[in-house]
Amino acid sequence: MSAESSESLSDAVSRIPPGSSVATGLALEHAIPFAAGHELARQGVDDLTLIGPISDLLFDQLIGCGAVSRVRAAWVGNVSAGTGYRFREAVENDEIDVENHSNFSIALALRAGALGVPFLPTRSLLGSDVFAESDCFEAGTDPFGGEEVAYVPAIEPDWAIVHAQRASPEGDVHLWGNTGIVGPAVGAAENVLVTAEEVVDPETIHSDPSRTAITREQVSAVVECPWGAHPSPVAGHYNRDNEYYLRYHGATDTQAAFDEWADEWVYGVDDREEYMRGVDADLSITEPTVAAEVRYGQ
Amino acid sequence: MSAESSESLSDAVSRIPPGSSVATGLALEHAIPFAAGHELARQGVDDLTLIGPISDLLFDQLIGCGAVSRVRAAWVGNVSAGTGYRFREAVENDEIDVENHSNFSIALALRAGALGVPFLPTRSLLGSDVFAESDCFEAGTDPFGGEEVAYVPAIEPDWAIVHAQRASPEGDVHLWGNTGIVGPAVGAAENVLVTAEEVVDPETIHSDPSRTAITREQVSAVVECPWGAHPSPVAGHYNRDNEYYLRYHGATDTQAAFDEWADEWVYGVDDREEYMRGVDADLSITEPTVAAEVRYGQ
Amino acid sequence: MASEAYAPRELMVSAAAAEIEDGDTAFVGMRLPLIAFQVAVSTHAPDSMAVYESGVVRDGPADGFIHTMCDLPNLNRAVSTTGMLDIMSRLQRGDVDVGFLGGAEVDRYGNLNTTRVRAGDREIRLPGSGGACDIACMAGRTVLLMPHESRRFVEEVNYVTSPGHADDGSGRENHPAPGGGPDALVTSKATFGFADGELFLRSVHPGVDREAMLADFPWEVRTAPEVGEGPVTTTPEPTAEELDLIRTFDPDGFWT
Amino acid sequence: MASEAYAPRELMVSAAAAEIEDGDTAFVGMRLPLIAFQVAVSTHAPDSMAVYESGVVRDGPADGFIHTMCDLPNLNRAVSTTGMLDIMSRLQRGDVDVGFLGGAEVDRYGNLNTTRVRAGDREIRLPGSGGACDIACMAGRTVLLMPHESRRFVEEVNYVTSPGHADDGSGRENHPAPGGGPDALVTSKATFGFADGELFLRSVHPGVDREAMLADFPWEVRTAPEVGEGPVTTTPEPTAEELDLIRTFDPDGFWT
């Protein structure tokens, strides 16, 4: 099966209206949907609320592109180099609103949404300014043992954007390697856009149902998008392009410098294929590990 | 790697003292650890509290063997035939205490234990006698939207017993097919006994880390136990022995009849190998499905 | 095209299958619904999906008879085999359209009891809720299935395992549970709907004496015309295609 | 056996690795701890495990340099690659023995700030908590790692991203967080312990002027003998084996 039964990335992204809340970068430094993110910027979709645990670069880029008005996250920067300058400057200039989370609180907020409950309790947060300086959380008391807990309210994003190894045209998705908070976010989101290294025959998905992490009724769009997570790594497909992160850090410390960077890497390319022509790192997998055989049957 | 580095089922089960709370039958009708359950009965471990969602036969058998003083579950019987006579008679004669749950409430109770929080909220239960007639749950109010919710307190079993397809001697476990509430129960339990169709080289587990459902630090004992879930099915290994369930139903409507059944199938055999010599159904998998290849690597 | 000869439970399966609409996500449990989903997805509801509390998600029939939702033919070539919390999450967040429930007792509001019943002085313990309470509380709508026996229809159930509608005619307005509650009752003699939270007769199975059937209820059962839902009809017989399918999915007639 | 020549951050990695005991489950985050766990599991703590908030669980070093916990060498042949809730569940239920934390600012109780700092009139936004707040609240003990710079040691942190000990000397007795709190601080000049919830000097790195180093703190730092924890020692230099390992795991000295 080819991607012909699925829509183009540009068509899929055009369904995300300005003002949407979008959860992405959910597998942390792994499989970040950069291709979809850049397409959002190219289409000028703005006033976005970005939701995620840590964002390794993508949130910084979207902020630099002027697409973002609010961030609900635990960490925004560049994992190779620390600071994300576009995020930092936007916060310091009061251009975006930030709701500070911990990784666990954003995970629990999305898990509450996925679970269909208004909140979840946690023993984290208490004693921190993440809790004390926020009007997001509430303190509560365990009705059984009297223990103090923090309540984290549900977050239900309008969209979750996820990059995966393979998906059927219907939207059933296999993904492997670490998944961060992909599961909670997909469950909580109203719509899900999946970009996949490969769109495969449904039989491939059906051959291993325990590998299925997302099922079709949660998915609004599936797009085949090889290299769709570059410069982040995708298990089984390509390594992380570490140098790219370092170059980005060195090239984006002012808005003018960022604009130049974006003109080359975002606005200056039509699609992912053209983008990848600009990448010359060898990220290929030279030591493949094949998963031990698993059988089902009857 | 063979099972020689793991202990025998009899040694492993001997570590479960009378009076323990034991969660098992966690994958519902799939991969029920009957071998471990029968060994509990043979060793005369009694005063057990059994914890599970539904129990397809195993709880009924352990009750018939006099091993049980309390059940915390949503359903106890025989999925092929309905009633479990030993459970029914024991309740009617007030010989065991039952805490009635729904599947979701037992799942949430164990998930709370696994998550390390004293309770979890749910929108289920309210309006039912599962809630109203129980002193297990509490009513609560969502502090964000004012919605009425039910609070389910954590359950932390002394032991969880799980049957899986393959495990390393260290206790890292691959399992596939439906898993019911295996994950929450393993997370919540103080100790975990894993019986596996195969004990495999650690490299097999490491070849597919996204398949790993249980990791070693949660596991107290790993035992290789082929056919350890018969008469329940195990994905990739054997089908369900439906006739066995029907024969059990017909043969255990009185305690005397049950005792005769147990003399043959539990007390009359030394171990699983001898037990399986009494089974003549062909449960083999004649139409295997091989999972599509997955690669990791670097 | 109706078939000449069919078993009463084959008609129940056909009637239950008819309650699954195309595109539905159906929460499927034990016994007859195992067959009914497979019939529905093979006929009028090809885009329906089944979720099972064990963690299974399917988009088509199993290629072999299944006693339980965990039989290997139900796992083999499933869309997903995951865990219960994944399935219950879909239910609690409102993504399950229809759920099936059985019961030893039902009252006029659709409250169901599968926990314990009285037989004279004796109280008989039944297996319990399983996921029924959760489905009852949270599915978009529920379809109740039970043999038509007068002892099952009661003014008040002995134990509310699975809550139905509020008893003040408010439907679920004042009911804490988020789901839509009972939408249909299919017995071995008739089908019923719910209006204002209370049962009404929708159709009578072919060959069943309506008055005798209604006499099995300890209350005056309302009828479709009384609640403005058109005439009481005759339940359609299973079609030849449906019977073929039922006998493929349950070749020895174990459930039917 | 100590090596002749090593970088200050190589000694920090060695000192951080020493804080992992054999059998520990260690919560490993960004930067130096990525290398420190690999050194520990390759030397004195072969039965330690690392958990990463991305969902990775490892029992040995990666077979290649890792910039981040999600680099493919860290996923390849891992014990488990799952999700964050699985890892955070272990943390919250008390199954993580030790966690590593960095910080832009630290106070005497081990409160850490990685959210925003003041530089004169300007407030500088930092990346934020990530999982640090959770580790600080819930790990059995935490080890803090930071460059030794006077601006990082403050009487009161500008924002408590990661809570330390209570400021009334009660350790964590009156603190709502369930973890054990800070147990050590490793800087590029010295190592510190915590007694009664407050920092004390444990060892000084070779060649560092103790008095000048202590002058970087705006308060009088207690020393090991003052809190009954033996003498202030000299931090052991990394062994030749450790240096070999560090240079294998970080061949270009990117982190070290």
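Remarks
To keep things simple, chains are lettered A, B, C and D as they appear, and every chain counts its residues starting from 1.
What we mean here is this: contacts are C-beta pairs under 8 Å (C-beta built on N, C-alpha and C of every residue); 3 or more make two chains touch, one makes a residue touch a chain.
As the structure is a computational prediction, the values presented were derived from the model and not from experiment.
Among the other chains, the CA centroid farthest from that of chain C is the one of D.
Here the CA centre of chain A is 36 Å from the CA centre of chain B. Taking the mean of the C-alpha atoms as each chain's centre, chain B and chain D sit 40 Å apart. We define each chain's centre as the mean of its Cα atoms; on that basis chain C and chain D are separated by 58 Å.
Among the residues of chain B, those in touch with two or more other chains are 116-117, 122-123, 176-177, 179, 205, 207, 210, 235, 239, 285, 287, 289, 296-298.
In chain D, 56, 63, 71-72, 75-77, 81-82, 85, 91-92, 138, 178 are the positions where the chain touches two or more neighbouring chains simultaneously.
Taken together, the chains touch in the following pairs: A-B, A-C, A-D, B-C, B-D.
Residues of chain D that touch chain A in their complex: 30, 52-56, 63, 67-72, 75-77, 81-85, 88, 91-92, 115, 122-134, 136-138, 159-163, 175-178.
Only residues 27-30, 53-54, 56, 73-77, 79-80, 82-84, 87-88, 91-92, 100-105, 107, 111, 122-130, 132-133, 148, 176-184, 232-233, 235, 239-240, 242, 245, 285, 287, 289 of chain A touch chain D when the two sit together in their complex. Of all residues in chain B, those touching chain A in their complex are 116-123, 138, 140, 142-145, 147, 149, 151, 153, 165, 174, 176-177, 179, 200, 204-205, 207-208, 210-211, 235-236, 239, 285-298.
Touching chain A in their complex are the following residues of chain C: 25, 49, 56-57, 59, 63-64, 71-73, 75-82, 85, 89-95, 138, 178. Within the complex, the chain B residues that touch chain D are 113-117, 172, 187-188, 203, 205-207, 209-210, 212, 215-218, 296-298.
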